[in-house]
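One structure is given below, represented as structure tokens, and several questions about it will come after.
Chain IDs A, B, C, D, E, F, G, H, I and J follow the sequence of writing; residue 1 opens each chain.
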Amino acid sequence: MLVRLVYASRASRELSPQDLQDILRRSRDHNPAEGITGLLWYNDGVFIQVLEGGRDPVNARYKRIVMDNRHDAPILLTYQEISERRYAGWSMGQVNLHRLNPGLLLKYGETQKLDPYRMSGAMLTALFDELVSSGAIECA
Amino acid sequence: MLVRLVYASRASRELSPQDLQDILRRSRDHNPAEGITGLLWYNDGVFIQVLEGGRDPVNARYKRIVMDNRHDAPILLTYQEISERRYAGWSMGQVNLHRLNPGLLLKYGETQKLDPYRMSGAMLTALFDELVSSGAIECA
Amino acid sequence: MLVRLVYASRASRELSPQDLQDILRRSRDHNPAEGITGLLWYNDGVFIQVLEGGRDPVNARYKRIVMDNRHDAPILLTYQEISERRYAGWSMGQVNLHRLNPGLLLKYGETQKLDPYRMSGAMLTALFDELVSSGAIECA
Amino acid sequence: MLVRLVYASRASRELSPQDLQDILRRSRDHNPAEGITGLLWYNDGVFIQVLEGGRDPVNARYKRIVMDNRHDAPILLTYQEISERRYAGWSMGQVNLHRLNPGLLLKYGETQKLDPYRMSGAMLTALFDELVSSGAIECA
Amino acid sequence: MLVRLVYASRASRELSPQDLQDILRRSRDHNPAEGITGLLWYNDGVFIQVLEGGRDPVNARYKRIVMDNRHDAPILLTYQEISERRYAGWSMGQVNLHRLNPGLLLKYGETQKLDPYRMSGAMLTALFDELVSSGAIECA
Amino acid sequence: MLVRLVYASRASRELSPQDLQDILRRSRDHNPAEGITGLLWYNDGVFIQVLEGGRDPVNARYKRIVMDNRHDAPILLTYQEISERRYAGWSMGQVNLHRLNPGLLLKYGETQKLDPYRMSGAMLTALFDELVSSGAIECA
Amino acid sequence: MLVRLVYASRASRELSPQDLQDILRRSRDHNPAEGITGLLWYNDGVFIQVLEGGRDPVNARYKRIVMDNRHDAPILLTYQEISERRYAGWSMGQVNLHRLNPGLLLKYGETQKLDPYRMSGAMLTALFDELVSSGAIECA
Amino acid sequence: MLVRLVYASRASRELSPQDLQDILRRSRDHNPAEGITGLLWYNDGVFIQVLEGGRDPVNARYKRIVMDNRHDAPILLTYQEISERRYAGWSMGQVNLHRLNPGLLLKYGETQKLDPYRMSGAMLTALFDELVSSGAIECA
Amino acid sequence: MLVRLVYASRASRELSPQDLQDILRRSRDHNPAEGITGLLWYNDGVFIQVLEGGRDPVNARYKRIVMDNRHDAPILLTYQEISERRYAGWSMGQVNLHRLNPGLLLKYGETQKLDPYRMSGAMLTALFDELVSSGAIECA
Amino acid sequence: MLVRLVYASRASRELSPQDLQDILRRSRDHNPAEGITGLLWYNDGVFIQVLEGGRDPVNARYKRIVMDNRHDAPILLTYQEISERRYAGWSMGQVNLHRLNPGLLLKYGETQKLDPYRMSGAMLTALFDELVSSGAIECA
């Protein structure tokens, strides 16, 4: 059974680019062996992550991530059984904020600043689809 | 929660181009801070305006606009919770009447003169969609 | 409220091209002021006419037309409240029979001769849509 | 081909109960031979009538009724090809206003007084369906 | 054109039962003449009101209500063109809080205390439908 | 925003009835204050739990539950934004296994023994709906 | 493959009750062996018959019936592949005209006299369904 | 009323090309006057024919064809009331077997040899649509 | 994953009631341990069997059954992944032919004798549903 | 009746390219005469095969294949009555693993290694459709 899980969380402290690279490197080390793929967004102290893969490994990894003290207050945004992955090409793709069309956040949010805690799962899914199709994801 | 609100009103007196520019300038000053976007149509003493944004700021602004004595008899045409904005690119776009195909008004109305008080919200929405797609909106 | 009305009738006597031009000229004089648009087909002693516009003026004009003794036995084919006109560009367009693909009538009718008294309103609507899209309507 | 036609009109002068009985008697004399069935509403100077039957006889009769000078300004409310009648049991049923639940008019109208000139055909159809199902029709 | 408008607001000060009766009495005086019907909920400093009727009178009344300083921060919850009223029987019905099943609020809300500012229009509509069908509305 | 979350897990050791009562008592102490409602199933070393409530408190509580060492390997079965709760009446209802029709498990599972790790979220939801409607839930 | 075939025809001469009994007796002799079931209507010189069964035997029998000189001008009304019969209980049921509600014909036809040559297959199907459900079919 | 009728039959004896030309010539002589259009397939002793036109002439012609002793065992494949013809351009088009893609028969049939007696009407319709769109029909 | 498999076969020789009881007894011995449930029909030398359960055990058992020389020419009628069983109550229910309404077979078949080799899977499914709901299944 | 059957199995021993060619050669010898078409996948000890054709020959061939001791534990993945074949062009096409995009397996599976025993029939169907459309099938 394949699933897709999307959550948001708040960084527990200011993250340097180096800190973020650490998380991504670690993810790209672990995920292929577990058949996990996905995307990671980080900006202004907020993470949004998509995890896809078998139901058991995604849950096991999510449990680890939830306990990671580099962030707090994770909230699930969506979780579904899926029949095919959407991000099969990324062991953990990174959203490149410099490639973002600035109007895109306003299209889905109440202000120019993304606040996943005020958005429904469906709206975040629509935003992520536009990120992928507009080429804003970096492979490694 | 994002909403879209469309209303019509009657100017309480003849408006000069200058008067209209004042309203638009004011709107473009206020709206970005409140995350509000939209369109304004003015012709022959009739206003039609679309306001998009967070539910609270749109309602607060609409309350101010309703009390503005430059127009009377505002009537709501449509009001909906939306999952994405349609006019995210305009802090307050202006419909340029010189770019209008004259047959367009006849397509949706009983005569060549637009009378929003006799039209349903759905027909006005269709008309506004044609305005945008035919390039009749001015940015600033 | 916008409506579209389609009817058919039989000319009460043989019509000359001049007679037909009189009807069209009269229609193009009256209809713009009343916000009425439409099409007129005449062939072999049969009229089919589409009238679009506000509900009241279309009914008022139809009452006059029904009483016109140049034709008899008018039958309504369709009548609907519509949200947009289909023939907004013609104050009264004329179907040019020389531009008709001869197979078109057979496509919708039992024989090559159009007999609206044996056809449903839906089939006549489909035929008229093909007339417009194949450029068989003359503007004036 | 069966059709159902609904129209409204304004009595050209105050009608006495006797006048109304004359119209109904005449209708019940003519309609059976032509296969026409339907309902008639009269109140406060406004008629609403439903006519069902073959397409030709309904149109022929409607042409006569439109020219009757006991009323003016008839407007078609709906006209459809139908696959079965709804009022097959009444050669011309009369709406008994004393059996009307007074709230019924408010349910579909803007005020307690029925004004068909401001109502869509669909709303009038819904109102007539409630009249039949609440037993407000008199047989003869 | 009939519309239904639902809004919520916060009382600007503590309201006594007498204050509430004043608002209701006033509403029942005005609304019948304007063809307005609806419901009013008041509890814990929060109003929720449904207004149904013609588009023009509902908008005119809503403009007055918005400017009433007995409450602040009105937000529209839903606004629709409707083909029939749902509350035709109440010139302004009052929700009787003593007849409320206490679990009802939890069914639609995040806690036992109703907070319309955190609820979508659709959820409030569902709640109001249950209020009516469970007999929690008082007539006068 | 209301959500419903369903997960399964394996007890890390044999649980006595007393152990289970401890979990339930604790749940019924905490959940009302957080607006959380739901059901708990325990049998043969397997837990299945439904949690309903506001998105933030459900996620916060789920994070605590996942870290509880009385069980391991929690897997999310379903997670959805909902517009109304299904179990508003239970701060934490307990499935009474003695009231279970023994054929019920076979209806949805491959064998008579429930193994949520081999079942889709949709099938578990259907099973839980039958539990509620067949009266197999104990209130406290 | 099961099919259902409905046709109408005109008796070539006046039929006595005896003539009709002959046709029915013959049908009830032949049809069971071929797995054919159905209904026969006769009135005023018009036959309507429904034949159900395997595609080959129904076609073979229909070919014989078409060539029977007791009737002329057979026209197919409907013909469909079906997944179950509707008249499995009648080797050839007869419509008993004395049990017919006289309004039934008017409900589907333009006049009180059934004329299948002017009716669509769908309307005749609806009429036959009412015949069966109103108990107007005789078994033998 | 327009109908489309498709049937299959078996040639009662080996047909020469000349025999087939006779049938086609005869068809092209008769059909235009009756407003009939269609297609004829002949191969390996099997005919499949589509006839379109008014309900009465199609039935009259089909009765003649069924009685023609050049073929036996005709079975109806489909018969429908249609709102437009599909083969309006052919008084009787002939399927040119040399233009057939040999895989086409396998796509719809159990073997490479077309056996309409084992195929449903819907599959034959799909096959004929591919014949037309792949240009395998000869005009005369 | 649960599946439902339906097949038909021909008994390779005349079966005595004793032979049939042997098959059923054997089935009821094996099936519970493998979580298999279903129905068996036997009449006139034809078997039809429904098998429900986990995908692996159903396939394993079907492989054994196919090789059983008490029958030949098994053909699969339907095979689906299901979300719930329909025959959870029968380890292998037997269709009691004496409780069968004789018209039932005619309803779905071309003749009174059931020939699954000429029926689609969907029609057999409909027949089996009627068998269950009409109480024609014996438990053991 | 056409059907499509998909199954998976495990090779009972390591297969050499020669062994595989034997199976394919044998298939291409037998299948055309029986009207069977399809695809065969072999990798890492796992077979997946699609068989299309008449219901009887596909079942007869599948019975033979199931008993072939070059593989074990065949499980049906899907089986359907179809109205047209998808692989009419291949008497038995072979999936060329060297032409496979390596990400394709991850898109539908939990890991990079295809395990049909853990996948639903629908997901395997989607994977095979991508194989065909990406040109990964070899003809002979």
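Keep this in mind: a residue touches a chain if its C-beta (ideal position, glycine included) is under 8 Å from a C-beta of that chain, and two chains touch if they have at least 3 such contacts.
Predicted model only: the values in this text are computed from it and were never measured.
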Proportion of interface numbers common to chain G and chain I (over half same, under half different): different
Chain whose average C-alpha position is farthest from chain B's own: I
Pair from B-E, G-H or G-I with over half of its contact pairs in common with A-B: G-I
Whole-Å separation of chain centres (CA-atom averages), chain F against chain J: 41
CA centroid of chain D to CA centroid of chain G, Å: 37
Sequence positions of chain H contacting 2 or more other chains: 1, 120, 122
Pairwise chain contacts under the document criterion: A-B, A-F, A-J, B-C, B-E, C-D, C-H, D-E, D-G, E-F, F-I, G-H, G-I, H-J, I-J
Residues of chain F defined as touching chain A within the complex: 1, 3, 5, 55-56, 59-60, 62-63, 66-67, 73-76, 78-79, 81, 117, 120-122
Chain C residues touching chain H - in the complex, by the definition given at the top: 103, 106-112, 120, 122-123, 126
Touching residues on chain F, where the partner in the complex is chain E: 1-2, 35, 37, 53-54, 57, 83-85, 88-89
